[in-house]
Amino acid sequence: MSDTMLKGIYTPNVIPFHTDGSINEAELRRYVDWLIGKGISGLYPNGSTGEFIRLSFEERKRVVEIIADENRGRVPILAGAAEANIDLVLSAATHYAELGCTAISVTGPYYYKVSQESIEHYFRELARLSPIDIVLYNIPQFSNEISVEVVRRLALDCPRIVGIKDSSRDMPRFMNTISKIKPLRPDFSCLIGCEEILLPVLLMDGDGGTIATSGVAPEVVVKLYQSVTSGNLAEAKQIQFKILELIETILGAGNFPEGFREGVNLRGFNMGRARQPMSPGELNHFNSISSRLACLLGECGFHEAAAKCKNPSTSANSPALKNVNIDAMVREIMQKL
Amino acid sequence: MSDTMLKGIYTPNVIPFHTDGSINEAELRRYVDWLIGKGISGLYPNGSTGEFIRLSFEERKRVVEIIADENRGRVPILAGAAEANIDLVLSAATHYAELGCTAISVTGPYYYKVSQESIEHYFRELARLSPIDIVLYNIPQFSNEISVEVVRRLALDCPRIVGIKDSSRDMPRFMNTISKIKPLRPDFSCLIGCEEILLPVLLMDGDGGTIATSGVAPEVVVKLYQSVTSGNLAEAKQIQFKILELIETILGAGNFPEGFREGVNLRGFNMGRARQPMSPGELNHFNSISSRLACLLGECGFHEAAAKCKNPSTSANSPALKNVNIDAMVREIMQKL
Amino acid sequence: MSDTMLKGIYTPNVIPFHTDGSINEAELRRYVDWLIGKGISGLYPNGSTGEFIRLSFEERKRVVEIIADENRGRVPILAGAAEANIDLVLSAATHYAELGCTAISVTGPYYYKVSQESIEHYFRELARLSPIDIVLYNIPQFSNEISVEVVRRLALDCPRIVGIKDSSRDMPRFMNTISKIKPLRPDFSCLIGCEEILLPVLLMDGDGGTIATSGVAPEVVVKLYQSVTSGNLAEAKQIQFKILELIETILGAGNFPEGFREGVNLRGFNMGRARQPMSPGELNHFNSISSRLACLLGECGFHEAAAKCKNPSTSANSPALKNVNIDAMVREIMQKL
Amino acid sequence: MSDTMLKGIYTPNVIPFHTDGSINEAELRRYVDWLIGKGISGLYPNGSTGEFIRLSFEERKRVVEIIADENRGRVPILAGAAEANIDLVLSAATHYAELGCTAISVTGPYYYKVSQESIEHYFRELARLSPIDIVLYNIPQFSNEISVEVVRRLALDCPRIVGIKDSSRDMPRFMNTISKIKPLRPDFSCLIGCEEILLPVLLMDGDGGTIATSGVAPEVVVKLYQSVTSGNLAEAKQIQFKILELIETILGAGNFPEGFREGVNLRGFNMGRARQPMSPGELNHFNSISSRLACLLGECGFHEAAAKCKNPSTSANSPALKNVNIDAMVREIMQKL
């Protein structure tokens, strides 16, 4: 059984592109370095937020090479390896193992509908052949669901499968996953991929999450995790409700994951060209949401974003939450780090 | 604004029938009296668990009459009034107000798909005309969803609308509901209708729930609520995970809500004939699940159910949870009551 | 086995209401008489278009009483009897049999999700006990789907079940229904409840349809049926494409079935108050669609509707179809009747 | 505007693999040659049946190279080019244009949910830049739906977009597509990707289809098309109902598209290893369905398949359809070719 257990806040990595569409390696390195400096627990390249499906196989491998090189072993890397067929997954897995990654994350097969029996068989084959630990990635919005019963059987039979990252937004399902697996395999990582319920998940013995918002406001998400660890439930709740505002604004910006890319821009990076183009009408909407996101990030104390907030007074639709003092909290954590 | 706020554990009432299909009034009275004795916070007739849709209008009114009479004002009654059109809802509302109910619960219109704009208009009309407080009942599995945005506007504009009972199983939605309404209207009741996430909901400032399992094992659900109130999170978690087993078994019994009806039978009542008949094959399955449910209830310390457990050793599929000492916890609470 | 086979165009009956919300009996009689005069094959009260779910049990029975009385045996009546439980369905069935109806139409159970096994058992029980022939009503948008396999078994085993009315909009399903049942029971009526595919259904050996548009423009739908019967495929296609325009406009008017109610108004009747109120914004939209529908009906040669067309030149978004001479076709059929 | 209009039966090409997982070029050439000999109208590599998503970008390009080379200009090629981002689609498009393909087929973006506005913008960009005609590929089961309204606007504005291949199984949608586009752009190809409704589609002015069953029984599907062309509706109906049996059996074999691969095996080819492995239990089921499919193909007069039918008497679940004389029909067409 694995001696490393995935815990805490993993950050799905958005990818900066040059105007010619190629990966902007320098900016990716600068961004990864910044994230690690903010105290995140691990990096997560080639997830849905990282638009793995819009990169070529070679680009996906290059992304992990850059990130692993820049990381220099500072934090664990969970590398997305949801390739088109099992041979390609294993080829990627071997490469990511050689690069020193901690585990790979693999979705259920996508595009086609596939039976639970085939999904189970697929992961058993992967577990048998993979040179690196595997995290199941459940995201039924985009690919075939991996049922709790299949997860349970895989967890009990396959030491190579060390956890699940669940982005289904389905809290009853997450509760059942914990309830059915943790008593029998306590070191099986149960990570959530949905910031709206990060706090309840942590309170119910979840191990952490792959939280896309932590790519935009790592200070805030890391602070929530620390508040739970230190038993400060009141503070954790305040932060959780602030994260709800952030994620709603980000998801309202347009096609996933453009809002996250813009959030990173607002923190001082240059994500560059989008891989999925937006229409002029959508760009207009996007720009107004960008301003609102800038205001929200400004309220959290991020001055580089505040500068781009055009209309501070109307930014918050939940005035009572405005005074949550994330700013002060953030300063506190920055001092500790 | 209303001076009564709905809080705690409301029990959706299953309805006992005679063999000729009519309501078994004596058994219903005995059952309601038993529930109140177990410490539930309120009664909830004519919900989905009470098969309101399979009763006639007259039967629905009769159910509330019996329950209100038997209750004698001991606990608040939230009466389901999801009638076929607004005139009938108001007619029911007037009757339930006269019977001393605390509020009515109304789903979005069912059967047809209806726009959010119409749903909002419908509830504004109801709020304008109703002689009794209204709880919105969101259950998108069976009827039109009431969007969070509509709930928010209704909550801010309509004093008559005093809360929401959300059975959508959607925790991110529930978090957003709390986040957007509570800061502006703290007395707006946010009740969950999904026992799998009762504990996280209570920890995130939810006010309680309409919990069908509390009709089968009121001691267990009431104990969870008290554990949270008294700050014993570890105990609350143990109970929550036990409730997961109970609800999974109950829902696996067959067509909703037959598993709940059987659970009440196992506690010593006679629910009688089902309104939706089962095939012979389904009855076979039902009986095997009934035995398993008996074992689970037996493990909780309910001796009348334990007697019907045919195969105790194989009952639990989560052996590590078996030793949760609900039995002792239950004794403790029984002494207090 | 039944000696009457349901065939042709059945018209789902919308119900006129007085301003106090009660059924407008005189207008209903006038409307039914008009429909029969236009040559429809049968009447269909208490369907989804007739808002059965928004009427009380007593009102539903009254609707059939009025229609049967006004009909005086001129056309067969298929009476909707999708009541809340099997006892009430049978009670309605007995009443409708006494009134001389040809058959009842019953949906799968609605509101709750119910297994196919239970649905089959439910219809077998109904078939065993019903004093009148039964048509299965498949409308998965609003109630539980009845699978083709269940339909097939019921058709082969239960003489009382004489047909299916399928409103699923699923042509592959309809093809399979015909393919699996007709060779073994040729007199099993396969009716479609979707005007968009009426012509292909008739060409593939379907027996007809319950076509809501025939309540607004009976001349047009009856003409399509006659074109098929007389082998004039080119004419039938022209009419089918015209019906596509009509139904798209009607469905775009707002909450179902308000567009149908307005269409009947435009033909010179007074449907009165809606049972599901519309918001002011929705009413605005509704009025503009009403004008467009008036123009479309005017193009079909219905002068009473043409008078309410405010902007004839912009009414049609498919100019090439504008010249379909329904007007002349309609005159031709009116002479024959 | 394009001078070539896509018409008739296009065959989606399944891909044979060696035991090491690589493409079996020799068998692919033999298969393509056989298909052309059977009279299909065109070839369709890299569709869903061809498992494009499970091939690498290089393999997809190689598939088209082999097929174009073997085809030697005998029939038009519609090449699937649903690549991961617009740069890759254009790169593939350029290659396929150079190989002499007639058009490329492109799905709406998959994996992520994308707005209709973005989808329209995406195809407008493609149409502006592509060196080859484009067929829209609507398959909402697997990728984002392209709404009829977007199809209409693209058809009217973009000469490069020459048709739609619709695999949605949604006949009302197909009717609307024809109704809204054909009067204004008669040469816009409307192809169906659903064999269950091929005949009704052809009768309603559809131009043909990409019909996966034609990869297994090209004689049968081609015969249906010719029956329609020659006005023999009765014969066409018989064949259509036979195709319903074939497709139901093929789809029941297991994960898509294994049943099609097995059908081609039964016709005397060696498709080899599956890219998505099956569990032992699924393989058992697969083998029993394979035998049933062999019997069905045997009934159509294909002797090489009949030899693998283990239990002819129980093969058909629609006895009345058994005697459809596809055998004789097939001989007739073979003589003509």
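We just call them A, B, C and D in the order they show up, numbering each chain from 1.
In this text, a residue touches a chain if its C-beta (ideal position, glycine included) is under 8 Å from a C-beta of that chain, and two chains touch if they have at least 3 such contacts.
Not measured: the values here are computed from a predicted model.
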Which neighbours does subunit A have in common with subunit B?
-> none
Remotest chain, subunit A as reference, centres from CA atoms = C
In angstrom, rounded to a whole number, how far apart do the mean CA points of subunit C and subunit D lie?
-> 36
Could you tell me the distance, in whole angstrom, between the mean C-alpha positions of subunit B and subunit D?
-> 51
Residue numbers in subunit C touching two or more further chains are none
Chain-chain contacts as defined at top = A-B, A-D, B-C, C-D
Listed in rising order, subunit D residues that touch subunit C in their complex are 169-172, 175-176, 178-180, 183-184, 194, 196-197, 199-201, 203-205, 233, 237, 240-241, 244-245, 248, 317-321
Spell out the part of subunit B that touches subunit C in their complex, as residue ranges.
-> 21, 48, 53-57, 84-88, 109-115, 117-118, 120-122, 125, 141-143, 254-256, 275-279, 281-282
